[in-house]
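Here is the structure we will look at.
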Amino acid sequence: MVEASVIVLGIMALFALSSTIATYLAITERSLVKAVLYSAVQSTLYALIYYLLMAPDIVLVYVPVSVGLYPAIILMLIKKTEKEEEG
Amino acid sequence: MLEVIAIYLGQALIAIGVFCDLIAAIGLLRFPNFYLRLHAATVGTIGGAFVPLIGAALLAIGSTYLGAYRWFIAGGALVTAIIVLILAPAGSHALARAAHRSRAAVVEPKVVDYLEEDEVSKSG
Amino acid sequence: MRRLLGLLVIVLFITLFALVIASGGLGYEVPPLRVRELARQFLIYAYNPFNTTFTAKSPEAVTSIVWDFRGLDTLFETLVFYLAIIGALSLYRGVESERRTEVISLGLSPIVKTVTKVTTGIIIAVAASIALHGHLTPGGGFQGGATAAVAPLLILIVFSKYFLENLGLRKNVLLALRSIGLLGIGMTAFSALIVGLMANSPAYVFQNQPKPDAPVGLPAYIGDSLISGTLWFFNFFEMFAVAAGFTVIFLLLGIPEGEILKQLKEEAEEH
Amino acid sequence: MKELISTFIIAVLPIYIASFTLYMVRALRGPTVPDTVLAIDAMTFDLAAFLVILAIFFESPILVATAIVLALWIYSLDIYVAKYLEAREMGE
Amino acid sequence: MIDVFTFLFTICMLSIVVNLGISLYGVLYKPSLIKKIISLTIFSDSANITAIIIGYVRWRNPGEIAPPVLLNPNPTLEDIEEFAKVAVDPLPQALVLTAIVIGLAVTLFLVFLTLQIYRFYGTTDVRRIAKLKG
């Protein structure tokens, strides 16, 4: 029987590593819409990490802000300006 | 006695949900284009989220060691289940409609597209 | 060359941080076995019926830190929020958006519109429960306000900007709502002081529960329900300030670009 | 009873993690924008169910509120991307 | 010899620090202003999560960790002491809470500035903006 704390920490480490991949893709991606979506993946993973760190207050404020508000703002901005980053 | 039944029923529902979840993930990875992946996503949202949420509500009702707060978990799980049941199909619908209209997800060897023909005949 | 130098600096930064963790910069047991002494004090005094000198009478430690133990911090953070919103608004000075009443044809499909109508009610209910229960369960003014701000944004996206304005949520109404929220926060901060002046006894700004040298304070209970003195009022007003402040920004972002460019050109011709 | 529930949840966890990893591969690889959004969507709805199960596992009932919020907001991401693809202006 | 718990925790922490580094690179060296804003949000999120991680507590027995909310409405002194032993640190949470909302407000201000720059110069590329005169 594996100890429960090790399992939870393992999940947290896995999600942190995945968030690193998502961040790397978000920074290097040429298309700005895809960059916003990768950043949304990263936000979802961070929300789970906050949950596992026992901070429900932060999850309650982080999820509306970074999943509900940031993508809308950045997509509005992209719609009004440019769709692609210049090389 | 009722608690034990609730626990076993909840565990069965969660097991079904996990199975659906894995199937949906494999399908989402293996299917070749966007319109086929929509089917897998439906399995993932309704089968993989709605069913285990109902199961979690039953499991919470059965876990008497949590005291009166187990009703809190059960209520939260039920509300989440209803929200998923309302929102997931609407979101998929909006996405599929936008993807078809804006030609964001084009299927390359296209055999037939009745929706497009309808729109062309309506506008023309 | 400059890019290489920057990369080098960033790699050094990561290495330094790793070194700090490895050499015990966060304590030799990572993570520590017990919370630090300051945090322990906060946890013990957050809801403590046996010690009426320091307690905030709120079972939630985070809310009691935000609005009681470190209330002045939060007040000035709210000021920063207010100034950022004002700065954004001042870039849009003089831009008027036109009114439209014919809005049925705009927006997404009818299925999504119907679902959003149902969902908006759920969102407002969830936001209110998060904010007004913030001193008992996780939540509070900031969480409730951020949650409530998504509802107008969803209406703006799914229907249109004009639909939101026809509902009565115009720029000036929202600005008034936000000002009422901020005024309420200020009034609540001074309430214990005003009560103390009237009762002719010493009192402090941001005082919540009675202290040994200042026996006035706001009641912790109304009837049988715990409201934790000032915390309930702070959460309530903060929700209005945050939600209305964000909504006014989205309303300005939703103005079509062609209209703004036309108005800017007219303004340039006048000068 | 407690043993039964926690053993079952520990047995279920690896399958959830495996499916999250597969969803994530599709979300990060997805050739088009709708594919990515679809994968994020399915992943987050499952994550909401996962959070409720974890709340039973941790025996902390108040953690449930996070699942409601997560399930509500991921819908808005769909709507934003749909509007972005479909409409000429985001405000109209 | 470190135990598994510390090892996994350190992996988690270092991934976040690598995130900080990557997003710092994005803020400093990406030419597009929109990309800079996206990088800045990731940077502030990573900084916030570092603060929360510092407040985490090691589990002594399995299941002995709780959010900093007291669930018992009528506690005795022993209950409060026990709560202070299992709960995580609430202070970083209270600071990060306001930091997230203010970060959003500041980002909105930056978005409006970017929009204004695009209206006057017709581009969001900093290299081309730097070449323009007037």
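Lettered A, B, C, D and E in written order, each chain numbered from 1.
In this section, contacts are C-beta pairs under 8 Å (C-beta built on N, C-alpha and C of every residue); 3 or more make two chains touch, one makes a residue touch a chain.
All values derive from a computational prediction rather than experimental measurement.
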- Out of curiosity, which chains are bumping into both subunit C and subunit E? A, D
- Moving only from a chain to one it touches, give the least number of moves from subunit A to subunit E. 1
- B-C versus B-D: which has more C-beta pairs touching? B-D
- Message: Averaging over Cα atoms per chain, report the distance between subunit A and subunit B in Å.
- Response: 21
- Query: What whole-number Å value describes the gap between the mean CA coordinates of subunit C and subunit D?
  - Reply: 25
- subunit E, residues touching no fewer than two other chains: 9, 18, 25, 53, 55-56, 63, 65-69, 71, 87-88, 93, 97, 100-101, 104, 108, 111
- In subunit A, residues with contacts to at least two other chains: 4, 54, 56-57, 60-61, 64-65, 68-69, 72-73, 76-78, 80
- Note on the structure: Shared-interface residues of subunit C (touching two or more other chains) are 60, 62, 108, 112, 119, 122, 130, 137-140, 142-143, 146-147, 150, 153, 157, 246, 253-254, 257
- In contact, pair by pair, are chains A-C, A-D, A-E, B-C, B-D, C-D, C-E, D-E
- Message: For the complex, give me every residue of subunit E touching subunit C.
- Response: 6, 9-10, 13-14, 17-18, 20-21, 24-25, 28-29, 53-58, 60, 67-71, 73, 75, 77, 80-81, 83-85, 87-91, 93-95, 97-98, 100-102, 104-106, 108-109, 111-113, 116, 119
- Item | Complex contact set, residues of subunit E against subunit A | 4-5, 8-9, 11-12, 15-16, 18-19, 22-23, 25-26, 30-32, 34-35, 37-39, 41-42, 45, 48-49, 52-53, 55-56, 59, 62-63, 65-69, 87-88, 93, 96-97, 100-101, 103-104, 107-108, 111, 114-115, 118, 123-125
- Item | Residues on subunit B engaged by subunit C in the complex (per definition of touch) | 83, 86-87, 90, 93-94, 97-98
- Complex contact set, residues of subunit D against subunit C: 62, 65-66, 68-69, 72-73, 75-76, 79-80, 82-83, 86-87, 89-92
- Flag every residue of subunit E that touches subunit D in the complex, lowest number first. 63, 65-67, 69, 71
